[in-house]
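Listed after this line are the structures, all set down as structure tokens.
What follows is a pair of complexes built around chain A, which joins chain B in one and chain C in the other.
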Partner chain A sequence: MTFIGKSVKRVEDKRFLTGKGRYTDDIKLPGMTHAVIIRSPHAHARILNVNTSKAEALPGVVKIFTGKDVAELNGVPCGWQVDFKNGDTMKEPPHKLMVADKTRHVGDAVAMIIAETYAIAKDAADMVVVDYDEMKAAINMREAIKPGAPLVHDDVPNNICFDWELGSDKAEVDAAMAASHHVTTLEFINQRVIPNAIEPRSAIGHYDTANDRYTLYTSSQNPHLIRLLLCAFVLGLPEHRVRVVSPDVGGGFGSKIFHYTEEALVVWASNQIKRPIKWTAERRESFMTDAHGRDHVTKAEMGFDADGKMTALRVKTLANMGAYLSTFAPCVPTWLHGTLLQGLYTTPKVHVDVTAVFTHTTAVDAYRGAGRPEATYLLERLIDTAALEMKMDPAELRYKNFIPAFDGVKQEGYTTQVALQYDSGNYEPVLKRALEMVGYADFRKEQEQARKDGRLLGIGFSTYVEACGIAPSAVVGALGARAGLFESAHVRVQPTGKVSVYTGAHSHGQGHETTFAQIVADKFGIPLEDVILEHGDSDSVAFGMGTYGSRSLAVGGSAIVKSIEKVIEKGTKIAAHLLEAAETDIEFAEGKWTVKGSDKSVGFGDVSLTAYVPHNYPEGLEPGLDFSSFYDPANFTYPFGAHIAVVEIDKETGKVDLKRFVAVDDVGNVINPMIVDGQIHGGVAQGIGQALFEGAIYDEDGQLVNGTYMDYTMPRADDLPMFEVDRTVTPCPHNPLGVKGAGEAGCIGSTPAVANAVMDALSPYGIFDLEMPLTPERVWTAMQNSDAVV
Partner chain B sequence: MKIPVTITVNGKKHETEVEPRTLLVHFLRENLAMTGTHVGCDTSSCGACTVLLDGKALKSCTMLAIQADGREVTTIEGMAQDDKLHPIQQGFHEKHGLQCGFCTPGMVMTAADLLANNPKPSETEIRHALEGNFCRCTGYHNIVESIQHAAHAMNG
Partner chain C sequence: MIPTQVEYHRPKTIAEALELLQKFGEDAKILAGGHSLIPAMKLRLSTPAQLIDIANIPDLTGIDDEGDHIVIWAGAKHGEIASSYTIKEHLNMVAEAAGMIGDVQVRNFGTIGGSLAHADPAADWPAVMIAADATFVIASTSGERKVAAADFFQGLFMTDLNEGEILTQIHIPKPPAGTKSTYEKFVQPASRFAIVGCAAMSDPDCNVRVAFAGVSSKPFRDTGIEEALAGDMTASSIEAAANKAAEGVSVMSDHFASEKYRRHIAKVYAKRALMKLV
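So, the complex of A and B:
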């Protein structure tokens, strides 16, 4: 029985396909009340008065809390500390559950109405009168750091959260840059995008007075971490009396990693009113309060020698934190961005300088790829631009600079200038395969003909490496993480040989119930249906660090393998006893223990039953077949790949038609190719979204102008082509499955490929650099402003 | 004030009273506890709440429950018969047309309307039909293939 490597259809599908998925908002508890949160319409304003008297009188209103009621409670903490260059600790202003004095972004929580029904709570919210004294806001990062700019937090001078640098000696980088034959420079904005999982965030708090226990149902990617933060930092609750459940979760993409204020609010308030409380975000609230992604203002320079070999990379970035520090915000532009600036190239000198800035906007944190898309966009835009400037082929320029192949076993891992050691990599084959698939040689001829015919055809490349399998705890601890990043797994073999697996990873679309079951069924040699996976409930799963950073299989899967090995080891002792043979003479394969060289064997079910009915049993051995494990990875994993986009631009309208998208990714060994392809598709679509459609727009007062689905453009079905995907396999050398992670790859590689294709198409106009998203208006305007006759 | 309505959902007649402002989607989710129909936005943009009204796809957040008085609604819960998946549901399973599952009910109902009117749609026609439904997980590739699979199964 082999399941690893097969496209097994998903076992979780049926409940979703029949309307039986159970998301947080689907849960109805006896006596449950409904909460609506009143949010600031101003980015920066003093709160003069909150008058709730009329609302409180409305029949059906249970209770109203305002910022003053939670002023004594702690706020939500930040989980990662980055220090200033001079060693000072980053500025970490409090993020209160609701604000009492001052609002710092549109959407800041001012009051919470709790009522018998959602409709009554909405009615009551309309009756609350809040008097604001509006002030000037700091929105644009470049303005926010100037002296005299409005301050987001009074004790954070110039709105600077921290500054940070990494890489080679700065003077050496400057010297290498100055000595370069050619330097390509780009100044650009990696625009703010909004994750927009289709399920809005939701949380239900329930305090059970009879048992003095709290339950939080929440649409979270990591229930255990939420419990830890809630108990240890926010509310000071006893952790053993708190249960956090993340049931089915409708997409996350990073935005549901973080501990949000509403989670703590409903738990705290449910104890105040002694009834369960449900809060579910309206979409407009999601736009205002889900952590956003990206938002860098960057100057990047890449030096080359006369042969096109890279000589130096110098990067200076302003990174937007928004109004408050979200859970992992400080690590995104630093340890997840600066560290990836070597790319898959041999650039000998690399230096990156990052300044993190508070603004009166929604908090920014990890969004699919988290720092790595920003690093990849920067590198890959520089390379395609350099190729245009130096009149070299962009594929050839990459080949010339790739790090030579290394498998991490026979050859050592590759140590970069920016603090990482890549585990294994073989970069040429992914680009070669992608070029074959797109038919590169013929494409250039087609493009030449198209240009003669007056059509704007373009091709764009992107090759990337990323860091996944987050993360070795001691390493990230040294870098400022305030949590470990291991994973736990519990494998419980039942007396009848059926297997329950408990993982601390959380599936919100990734298909863990299938992939993880494939591993267990395969290793035990039992049918797939004999395995069930449990996740997302802190009462059944001992501990977990959740799902993000493409870590579930590399870290969580490895923890499961450790427990599997323990089961087999103990099973061997039991089997040896039953078969009256020495343990060393027993081997386990295909679901049975066999005496080597004989036909004497005992099956998985028999050994399982014996473990729980230990009548004829090895002396001194404990009964039961039930093991938990914790796995802390030795290193990050480093997937890589090559993406190619082909576009045609309508000269009359500026509309970019994405004609083809080729992705060749190497995510190490693959357990379920169908699921991995699906992950790549979804990531690619989001990356294309950033390149062509998406971008949060704030006006100078801090209003999110496109804060609805009618205004914020996400890719729809008719915006995208069928994707052409393939892979190479370079196993991870340091985890037992040889896997690297596939959740974010698509989103990391695709954005620059599309942007580069648009620039290639526009090159006859002498246009080499436009800001994303590459909307028809932006492209059309650039063409109109060009002097070139095309 | 409550108003009496008679709404047939998945073949079962519901005679009840609703507040006039109750949206059809809230009637399904709150009054009937049929939570397979989802709410993903407040601007009728996402399509997660799509149901069939007298056989035609409709975003159930765009309509009041009282407007559905006397009419027939089919939701995702009404698609599988006797525990056997509808060919469209089967197509999504075969072609991995769902990940987190939140948009899936709306996608399946939209596909049901499409295939009822156009049994053998082209890729372009499928993509056009899905314009009103967001999926943030799949990039639509496998949803298109799922619907093609279903069309083949239903119509050869």
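So, the complex of A and C:
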């Protein structure tokens, strides 16, 4: 009976596909009230007056709180500290639960209406009159850091949160760049994207007066950390009296990692009014208040010698933090971006310089890939551009620069110029396989013919390495994390041999209930249906660091394996006693303990029962078969892959037709191939979304111009080709499952592949770089502005 | 996202609907599918006190072949029109356009009358109706009147409909046998409305009618293209005529398409539509 490596159908799908999922907004508590938050329509305005009297008089309104009511409370904290180059502490202005003095982005919370019904709260919200004195806003980062620009926070000069650098000695990098035979330079914007989880954020605060206990139901990827931050930093509540539950969660993509003000607000206000309060974001609010992703303004230079070997990489980036520091915002453009700039290449000198900037916009934080997509876009755009400029083949240019294979066991891990040691990697085979799948040699012939026929075909490459399985606690602590990044697992074998598993990882679409059960069923040799997985409730799960950074299987799965091993070890003692043999003579396989070389055995169920009915039992051994474990990884894991996009551009309209997409990823060992393929597909679609369709547009006043689905383009099935995916397997050497993580890979590799394909198609026009999203008008305009005759 | 409090009425006949409309005056809005009105109400951009739902009045639904013309009742769903044999046989562009509206859910719920009366400049129906030379029947408690499609649309979300009136029927003359027609649409990728929609038909004598959606604040018949063609449906003539698209018309601009680009796309899509009629 083996489950690992099988495409077992997802056990959670029964409830999801039949509409029986239970999300936060589905929960109805007795006496529950409903909250609507009044949000600033201005990016930057002084609040002169908030008049709530008419709204308060509306029957059914329970209470209205404004920024003044929460002025004495702490705001939500930032969980990562990145200090200035000169050692000065990062600027960390308060992020109050609601603002009393001035608003700093469109959507900033000004007041909260609590009413008997949602409809009454909505009506009351329309009756609140807020007088604003609108001020000039700092929206564009390049403008925001200039002297005299409007300040987001009065005590943050030039709107600079911190500056930061990493890598080789800057002078050596400069010298290597100066000595290079060819330097490719790109200046570009990695545009801001909006996460758009299908389930809007929702939170219910419930203060139980009888027991002096608080419960927060919240649509979060990260319930335990939310509890820690809520108790220790925001409200000062005793943690043992606070329960945080994240039930079914409809997607997150990073945006639900963070501790949001609304979570603390409903908990605090619930104690004020002694009734439960539910708040659920409207879609407009999701656009305005879910932490956004990306938003870098970058200059990147890559040097090459005459042979095409990379000599140096120099990067300077402005990274948008938005108006406030979201939970992990400072680490995204730094430790999750700068550290990945070695890529899969042997570049001997690498230097990255990042300046984090406050603007009057929604906060920016981790979004699927978090820093690694930005790093990969930068590197892979540089390489394909260099290949065009040097008239070399982009695949050949990569082969020339790949780090040679290393398995992390016989060969050491690869130490980069930017603070990491890759665990294992074998880069040539993924590109080779992808080229084979796309039929590269034939494609170039087809492209040549197409050009003669006046058609614009293009092919784009992206080879990436990323860091996930986040993360060794001591390492991230040294880098500024204010949390550990281990994971916990509790395996409870019931007397009848059925198994309950409690994990600190949090599934919001990834299929943990299936993947983790496969591991447990496989290792115990029991049927899959004998295993149940629980997650997301701080009362039942000891602790957890949540799900993000493609960490659940590598870290959470490894914690489960530790508990499984403890069960088997104790079971061996019990079995040895029952079989009257020495422990060393007992082996466990396929659900039973057997005396080696005999047919004497005892099954998993019998040992389980014996553990709880310990009549005939080893002397001195505790009853029960129940183990919890914490697993702190030894290193990040480093998946890698090669993505290839093929596009055709409509010459008359500039519209990009994505004709093919090939992805060959290496995510280490695979537990459930179907789920991994699904993760790759979803990630690829999301990355293509950034390349071709998505992007937040702010006008100069800080209004989000495209904050609805009528205006913000999400990729849809009919925009995408059938994905062609395959994988190689290079196990992770440092975790017991040999797994690396697959949640973000697709989103990291795909964006530059598509952009590169568009530039390849446009190369007859002499067009080397265009801003994303590569909309028809942008592409058409570039063709119009080209002098080339095509 | 819920609207303000609203009273909902579901009349069973057109007469009953007209009486309710008469009674409530400007407090009332007609609901005819709801794919534009309901979102606006959820955002509280529209806050009617009375909602009169006419989408399922039996007398308002269906498509009738009346010999020399086809009657599409205002309550006909987009999906129904897309799959109507009568429509496909005589007016291919009407079926094509219907099939390009929104998605399956929208096509199965939204009505042609609702879309026409809403007069979204980027909606597909208005241009198609102008190209088809349709006449609209408008009812009120005091009787019926008729207005040509070309005169019905007066501006951004503005029509010839007066208070107390309901658009009930669309009459489309059957074109001569052998007439070809098509609708070509360059979609706004988020909403899937038209950035440019070009409806074109050509009878066997190469009398051509062309109309645009999405280009200007109201749909319009492009007589500049029609005159330039002058019955010559050769590729070079079409290319030259298409280049006159939207000449003298003020063209909209948004973050999906600037005025310049929209104008260009109008030319490209006029050419593509006309070439399909050759």
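For the reader, a short list of remarks on this structure follows.
Here is the rule we go by: the second predicted complex is superposed on the first by the 790 of 790 C-alpha atoms of A that agree within 3 Å, B and C clash if a C-alpha of one lies under 4 Å from a C-alpha of the other, contacts with A are read in each partner's own complex, and residues count from 1 in each chain.
The rule is simple: a contact is a pair of C-beta atoms (placed from the backbone, for glycine too) under 8 Å apart; a residue touches a chain by one contact, two chains touch by 3 or more.
Quick caveat: nothing in here was measured; it's all calculated off a predicted structure.
By the touch criterion stated above, A:Ala178 is placed in contact with neither chain B nor chain C. Looking at the superposed arrangement, the partner reaching more residues of chain A, out of chain B and chain C, is B. Of the two partner chains, both chain B and chain C are touched by A:Arg283. In the overlay built on the shared chain, the residue A:Asp25 is in contact with chain B alone; chain C does not reach it.
When the two complexes are overlaid on their common chain A, residue A:Gly511 makes contact with chain B while staying clear of chain C.
Of the two partner chains placed by superposition, only chain B is touched by A:Ile675; chain C is not.
Of the two partner chains placed by superposition, only chain C is touched by A:Val705; chain B is not. Once the two complexes are overlaid on the shared chain, A:Ala119 sits against chain B and chain C alike. Of the two partner chains placed by superposition, A:Val729 touches none, neither chain B nor chain C.
Once the two complexes are laid over each other on the shared chain, residue contacts for A:Val790 go to neither chain B nor chain C. Annotation: chain A residues 119, 282-284, 709-710, 714 touch chain B in one complex and chain C in the other. Looking at the complex, you find that chain A touches chain B at residues 9-10, 12-23, 25-26, 28, 119, 196-200, 248-251, 253, 282-284, 508-511, 674-675, 677-678, 681-686, 708-710, 714-718, 720, 722-723, 746.
Within the complex, the chain C residues that touch chain A are 1-2, 4-5, 43-44, 186, 189-191, 255-258, 261, 264-265, 268. On the chain B side of its complex with chain A, the touching residues are 19, 21, 29, 33-43, 45-46, 48, 75-77, 79-80, 85, 89, 92-94, 96, 98-105, 108, 123-124, 126-128, 130-131, 133-144. Chain A contributes residues 118-119, 122-123, 126, 282-284, 652-653, 693, 697, 705-706, 709-714, 719, 775-777, 780-781 to its touches with chain C in the complex.
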